[in-house]
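There are two complexes below, and they share chain A, which is joined by chain B in the first and by chain C in the second.
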Partner chain A sequence: MSIDYIYSEFEVVRNQNRCTNCRACEKQCANGVHYFDNDKKIMLADESKCVNCQRCVSFCPTHALKIVKSDCSFRENANWSEQTIKEIYKQANSGGVLLSSMGNPNKLPVYFDRILINASQVTNPSIDPLREPMETKVFLGKKPSSIKRDENGEIINNLTPQLELSIPVMFAAMSYGSVSYNTHKSLAMAASKLGILYNTGEGGLHEDFYVYGDNTIVQVASGRFGVHEKYLEAGKAIEIKMGQGAKPGIGGHLPGTKIVGDVSRTRMIPEGSDAISPAPHHDIYSIEDLRQLVYSLKEATKYKKPIIVKVATVHNIAAIASGIARSGADIIAIDGFRGGTGAAPTRIRDNVGIPVELALAAVDKRLRAEGIRNNISLIVGGSIRSAADVVKAIALGADACYIGTAALLALGCHLCRACQIGKCNWGIATQNPELVKRLDPELGSKRLINLMTAWKHEIKEFMGSMGINSIEALRGNRLMLRGIGLNQKELDILGISHAGE
Partner chain B sequence: MYKEGEVRIPSGCAISAVISRYGNKMTGEKIIESMIPMHDRSNGLGGGFAAYGIYPDHKDEYALHIFFNDKYRIEECERILKDNFEITKAEIIPTRKIPEITDEPIIMRYFVLPFASLLKSLQLDEKEFVVRVVMKINTEVNGAYVFSSGKNMGAFKAGGFPEDVGKYYKLDEYEGYAWTAHGRYPTNTPGWWGGAHPFGLLDYTIVHNGDISSYDANRRFIEMFGYKCTLQTDTEVITYIADYLVRRQGLSFEETASVIAAPFWKTIKNKPEKEREKLKYLRMVFPSLLITGPFSIILGFNGGLMALNDRLKLRSMVVGEKDDKVFIASEEAAIRTMDINAENIYSPMGGEPVIIKVKEGKY
Partner chain C sequence: MITIDAKNTRFDSLNETIRNSNDDVEIVNCLGQRFIGAGLSNKSLTIKGTPGNALGAYLNGANIEIYGNVQDAVGDTMNDGEIIVHGSIGDAAGYAMRGGKIFVKGNAGYRAGIHMKAYKEKIPVLVIGGTTGSFLGEYQAGGIIIVLGIDSKKNIVGNFPCTGMHGGKMLLRSTCDKISFPKNVNTRAATKEDLDEVITYIKEFCKCFGYNESEILNEKWTLVSPDSNNPYKQMYVQN
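== the complex of A and B ==
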C-alpha cells in the first residue's frame, strides 16, 4: 500500500468454535483491536493496534483467544534485523526519536544468570528455616566509625537515622502520573503491611497517601515536581534522583495529556502542561553541588531523614559512588541498564549504561578499598527479577534491592512495553479513569504481599542451605558465589571464582 | 596442593582450656593430657597451644614467635625487626626431637620493644605499631611467619597431633596461669605449620572449632581496617574481629560476644529497655561482624579467657570448675582428664559468653 506499511507485529488468533460473540475482548481492549462485524456476525480484529498486553486473552471467558508473533517477515539478514529495518521505516516516516517503555529487552549478558549459589555439605550444617530462626531484617543508613561512651561508660547512641526493612527488598521509584493512583495505592498499602518502603518517584505524593508516610521514600528529581516542605516531611527517607538506569543522562517528559486532575495538583503544575524533567539538576553541576543539596534536604528535615542518592550505572560508577559516599548522603541507589521506565528514547535505553551486577561489584569493592563502605548503604535495582537475584545481589555486596518491573508484573503488567501510549489495559501505566479502576488496590496489594512473602521464603531457603541464619552474614559474602561460563575479566570484576574452583 | 592463604580450607577440631582465677601457675602437662581423649577430633595435620604468664622475666616486652622456612629468611626478617624494635633477646625456641613431629621450620623467639621515637613520629600507639609490623612481615617476607606477638604469653603450634606438639615444644617446662589447646581436622592441607592453631595477634589468641558461613562477609569488612587475611582461615578472621572490637573500638568482652554471636531480633525485643537498646545498637552498627555457622571458640587474652558458641550452638562446648580453676573443652572427657573431680559442668547456651578473668594484680 505504501513504503511505510509494516505488517502487524502480532496476530490475534480467535478460535471461532469457542467464540460466543460476548464482546468481552472488545470491552477490555483500550487500543480498539477487537470489533463486532454486524454483517458476518462474528468478532474481528484490527491487529495493527495490538500491543500484545494479553488483556483480552486473560478475560476471554471461553479461552477462544491467543496472540502470536506474526510470521510475516523480511528476507533474513544477520546484520539487518527485522527490528532495525522497521525502526528505520518509522524514523524515515516521522523524523522523530523512537520511544520505548520498560527495561532494555535485548540479548545482552544477564550476569545474575551466570552466577551460582553455594550450599553446606558435611563441614557445616545447613539450617532448616522452618525449624530455626532465620533473620532477614536489615537497616539502611550510615554506620558510625567509632563507639562513644558517656561518663558512666555507657554506650552513647550515635546512629544517624536508619531505615528498617523486614526483608531487603523495596518498591522502586515509579511516579504518580507515569503510573496510576491505584498503582501507587497498591504499592503503599503493600509496603506498609510488609514492613518495607515504596518510592513515590518524581511526581509528588498524592494527599491520600500521606498516611503511608512511614513506608514511603519521597523523591526529589530534576523537575522538582510536587516538592514542598510537607512532602519532604511526609516520608521516611528522601531520594535525590540523579539518574535512571533506563535512560542515563536523559531527563523525563510526561506529556500534558497525562497531567490531569490530581496528577496536576500533586505535581504542582497546570493541567495539560508537559512535565519536563531536565537532564541534569540545574543546581548540581558537580559533586560539591550534590553535597549542598544533600545538606539542604537534611536541614529542611532537621536531620531526621536518611538521604538516598540514586544514580544510573554508567562506566565510572565506582568513582561516582565514592564521591556520593563522601557527600553526606546516607544511602546510594544504583540503577542498572536493564531498569524499567514509563518512556525512554529507544536508542538511549538500549545502548547506554552497564549491567548492574558489574556495577554493584565494582562499587562495593571500591568503597571497601577506600574504607568507606560503612559510610553508606547500597541499594541496587534494574533488574532484580527473583529471590535468587536478591540473594546474589546481597552476596555481591548490596544492602537491599529495588524492584519495579517485578512489582508491576505482580499487579498484572504483562510487559507489552507500551506504557508510553498511556492506554494500559491493566490500569497501571495510565490516567484514564476507566482503565485505572481495573486495578483494585486491595487485590493489587494482596498480590504484592504474596510475591514478597514468597520471595522471603525463598531467600530463607537459600540462606539456610548456606548455613547462614542472618542476612547480614550474606552481605558481601562473595565466597558463596561462583561464576559459570564467564571469562577471567568478568570474574575479576565480580570478585568471584569460577564454578569448580 | 595449596597451603593456607592460597585456598580456603574448612576444618573441624578439638579445643580445650584451663585458667586459674587467682593466677596460680600450672605447667603445660595437664592441658597436653586433656587433648588425648579427643584424639579422634584431630587428624594429625595441626595442633597447638597458647600459654599466658609464661615470660615473667620479659613481661613488658612483646614476645614474637616466628617460623622461618630457611636461614636466609631470618636475615630479611631481622632487618625489619631491627628497623622497628629494640631486640632485648633472640633465641631458638627449644624443642624436643620426637619421631611424631618432622619437617620442622626454624623457630625463633624475639623479645622486643618498639622504638619510642618511631611511635611518636608515626603517631601510633604501641599495640597498633606492633600489629602493623607483624602484618608487614607476614605479607611481605615470603617464608617468614610471625605466629605469636603478645606480652608475657606465647603460642606454640606445629603439624601433628596436639599431644605430640605439646611434647615437642617442651610445654611441661613452661608455667602459665592460663592455657588453651587446639587439635585440627582440616579437610585439605599440606600441613603447613603456620596454618595450625591457635592464631594470635598481640595477646589475643583464638582456638576455634567450626566452619563459619559468614567468612567472606566478615573478611571483606575487617580488611577495610588494615587487617589482611592472608591465611583465609576462620580463626584468623575471628582474631582480627576480636582485636578490632576490643582493642580498637573499646568494647567489653560481653559486648564483643553480642556482636559476633548477636542475639536474635526476637530475643532482643523481649529484653529490658536499656539492654534492648544497647543490643540493638551493636547489631545495627556492626552487622558485618556477626558470625554465622557453627563455631566454638576460646579467646585468650592477658588476664583471662572468653569461651563462646555460635548462636544456634552447632558445636559442642562444655565448661567446668574446681577450686580456683575453670576448664573449657569440646568434650567433658578432656575436662575430667585435667581434674577428675571437676564440678558444675555445663553446656553454655548458644551465643552465651563465658568470661573468666584472673583476679586483678594476680597476673
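== the complex of A and C ==
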C-alpha cells in the first residue's frame, strides 16, 4: 500500500449469528459501507467509508451490528496524537485545507461544568414548581430607560418591538442548504408550538415556511442570500450575522453540489454555483457602518422588527458588544467557540475564539459598567447542552440561549461530524431527497417539543430550588453560582466566588 | 405627485412621509438623509439634492431618479426597480444586488457591485457612465456590470477588480491594457454578439442621459467572466 493508507478509524462488528442478511444496513448507509457478498452469502463491510453515524446500528432489526473505534493505532505519543499525524498525511497527499463540521471536539475547558448552582436551605425557602406558578417567559429587546406620561397622566407606550419567548431558549441559525427542508420544517413547527423562535440562518426562507413567520428569525449575512423585502417582513426579528462561533473571522462556502432545486431558488443563485459568504460584510468596516445596516433594515421594515447582531466570541468581545449596543441593535447574540457548523476549516474551528461562558460574563459586566445593559438583550449560544447550562448562562447575564447542536441531536443527529460531506444518513445535513425524507417533520418537531418541555421543567426545578419564581430575577444573579476548581483569574472574569466562599 | 422639502428634516420622518404617500414623491433640498426608499415598491421618487447613504436599500420595484450625486451603499441588496443617478455615486454601490437596474451618469467609488447575484430571469444590472474605484465586482456571483468610461482619461476601473468573481459578467468599454485582473477570471475583447446581449441596457443608459448609442458602442470593449462557478472546490480536504 501507499504512505497515505490509513487503517479505518472505525470497525463494523457484525454478529453473524444474529445477521439475517436482510440488507437493512445496506439500504440505510448512504456512504456505501455495507454490501452483500454473493459468493459467501453474507453481509460484509467496507469500513474505510464509515463515519460512525450509527444509522445501521439503530436500524438493524436483530441488533447484530456495532461500530467500534479501531485499535489499529500508531505508536503512542503524547505530543503527536494520532489525529495530528493523520491530518498531516491528508494534507501532504492533497494540499488541501482540512475541513470539518460541528463544534470544536477538543479537550478545552468547559466552564459550565466547573460552575455549581445554589439552592435555598431553611431561610428564603425553596418553591415547589409543581404547586406554585413559575414564570419562564422572557422578552427580548430594548427596555425603555424612563416612563413617559401624556398630559392626562397616562403612560405613553414607548416600548420598541420585543420578542416574547415562553422559555429562554431558541433554535440557533442553521441555513437551508446546510440542513435539509425537513430539518427547517421540524424546527419551524416546534418553535411555533412552543412559543419560541427558530432562525433561518443565511440561506433565505423557503416559501412553504412563511406561515411560521411569527416564530422565525430571518438572518442577513455577508452573502445576503435570499434577502429581499418580503423575507425581511416575514420574520419576527432580523439577525445580522457578523460572525459564527465555529469559524470567527472567516466566511462560508456552501459547495455548488448542495445548491440544487429549492435551495438554489431560495438563495437566488444558479444551481451548481458555490454560495460564497465573504468573511466580512464589505459595507461594514466600523460600528457606524453596522449602525447603517441596522437602520436600513429598520427603515425597510418600518421599525416593527427588533434587530439582532450576532458575533463570535473573540478576545475583545466586551468592547465589541459595547459597540453593538450603541449601534441601534436591539439584541446581541454571542456565539461561543464550541458552536456547531455545517463546515469549517478544522484549524479555525479548533483554535479561534474563546469559551462563551467567559465571553458572556465579560460582556454582561461591561454593559452594566457602562450603564447600557438595558439598551440591549443578550442571547448566548455555542454550546448550550442542557437545562443546567441554560440556568448557568442566565445567571451569568444572558437573557436567552440559542441551541443548535442540541436541537439537531433531538432530530436524530449522532454527532458523527461529517456534515460537510452532505450524505447525512439521518436526513439532517443533506440535500439528497432520499435521505431528506428519512427525517419526518411531524416526529422531529414532536421530539424538539419533548426536549424543550423537559428543559422547561428542569429550569423550573432549578428556579424553585433557588427560591426564585421568575426567570428574569435570575438574570445576572451571579450569587447563585460558585466555581469549582477554577483559578482566581477565571473566577474574576466569571464574576463568581469559589465553592465554599 | 407630492413634493417634500427635505430641508432640516431627519431621515426617519422623511422616509415615513415617503412610505405613507399614496402618490409619487418629489424631494427637493435633499441633503444627506439616509435610507431613502428602503424596501420601497410601486412608487416613483424624484430627488433633487444629495441623498445620504443606503439610498434604495432592499428596493423592491420602485423607481428613483436623482438629480445630483449620491453617497455610499446605493441599492444595497436591491431586489427590483430602477435607480437613475444624474451624477456620481460613492462606495459599495449595488452590494449583493439581486435584481433591478442602477444607471449612473458619472463615476462610482470603491467596491461597486460586490457580490451581485442572479437567478434565472432575475438579473441585476449596474451601468456606470464614468469610471469606478478599486475592488469592482468582488465576489460577483451573477448579474451584469457595465462600465463605460465616457470622457475619462483615467483607467476605467481601479485596482483589484473581480477578486473571487464566480458568476455573472462584466463589460468594460476599454481595452483594459493597464488593468491587472486576477487569475480566477477570463478577459477577452468583446464581440458584437457580446454587446448585443446587453444592448438594451446600453440603450436605456443612453436614453436616460442623452448619449448617442452608436458613439458609445463604437469603441473597444473587454468582456470579463469567471473561469469557474466553484472557485473553492479544490481548496479543501475532508477531515
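Everything below uses one rule, namely that the second predicted complex is superposed on the first by the 501 of 501 C-alpha atoms of A that agree within 3 Å, B and C clash if a C-alpha of one lies under 4 Å from a C-alpha of the other, contacts with A are read in each partner's own complex, and residues count from 1 in each chain.
Definition applied: a residue touches a chain if its C-beta (ideal position, glycine included) is under 8 Å from a C-beta of that chain, and two chains touch if they have at least 3 such contacts.
The structure displayed is predicted, hence computed values, not measured ones.
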| item | value |
| --- | --- |
| Which of chain B and chain C A:N21 touches, first, second, both or neither | neither |
| Contacts of A:H228 with chain B and chain C, given as first, second, both or neither | second |
| Chain B versus chain C as contact partner of A:S120, first or second or both or neither | first |
| Touching partner for A:N450 - first (chain B), second (chain C), both, neither | neither |
| Which of chain B and chain C A:I147 touches, first, second, both or neither | first |
| Chain B versus chain C as contact partner of A:I155, first or second or both or neither | first |
| First, second, both or neither for A:S470, with chain B first and chain C second | first |
| Residues of chain A defined as touching chain B within the complex | 120, 123-125, 127, 132-133, 135, 137-139, 143-144, 146-147, 149, 154-155, 157, 159, 162, 368, 371, 373-374, 397, 466-470, 472-480 |
| Chain C residues touching chain A - in the complex, by the definition given at the top | 11-12, 15, 19, 34-35, 38-39, 41, 53-54, 57-58, 60, 72-73, 76-77, 79, 92, 95-96, 98, 111, 114-115, 117-120, 122, 138-139, 141-142, 164, 166-167, 229-239 |
| Contact footprint of chain A on chain B as seen in their complex | 8, 10-12, 187, 210-218, 220-221, 223-225, 249-251, 255, 262, 264-266, 277-278, 281-288, 290-294, 311-312, 314 |
| Residue numbers on chain A that touch chain C, as the complex places them | 87, 90-91, 93-100, 220, 222-225, 227-230, 232, 253, 255-256, 264-265, 268-270, 272-274, 276, 278, 282-283, 292, 295-296, 299-302, 345-346, 418, 420-421 |
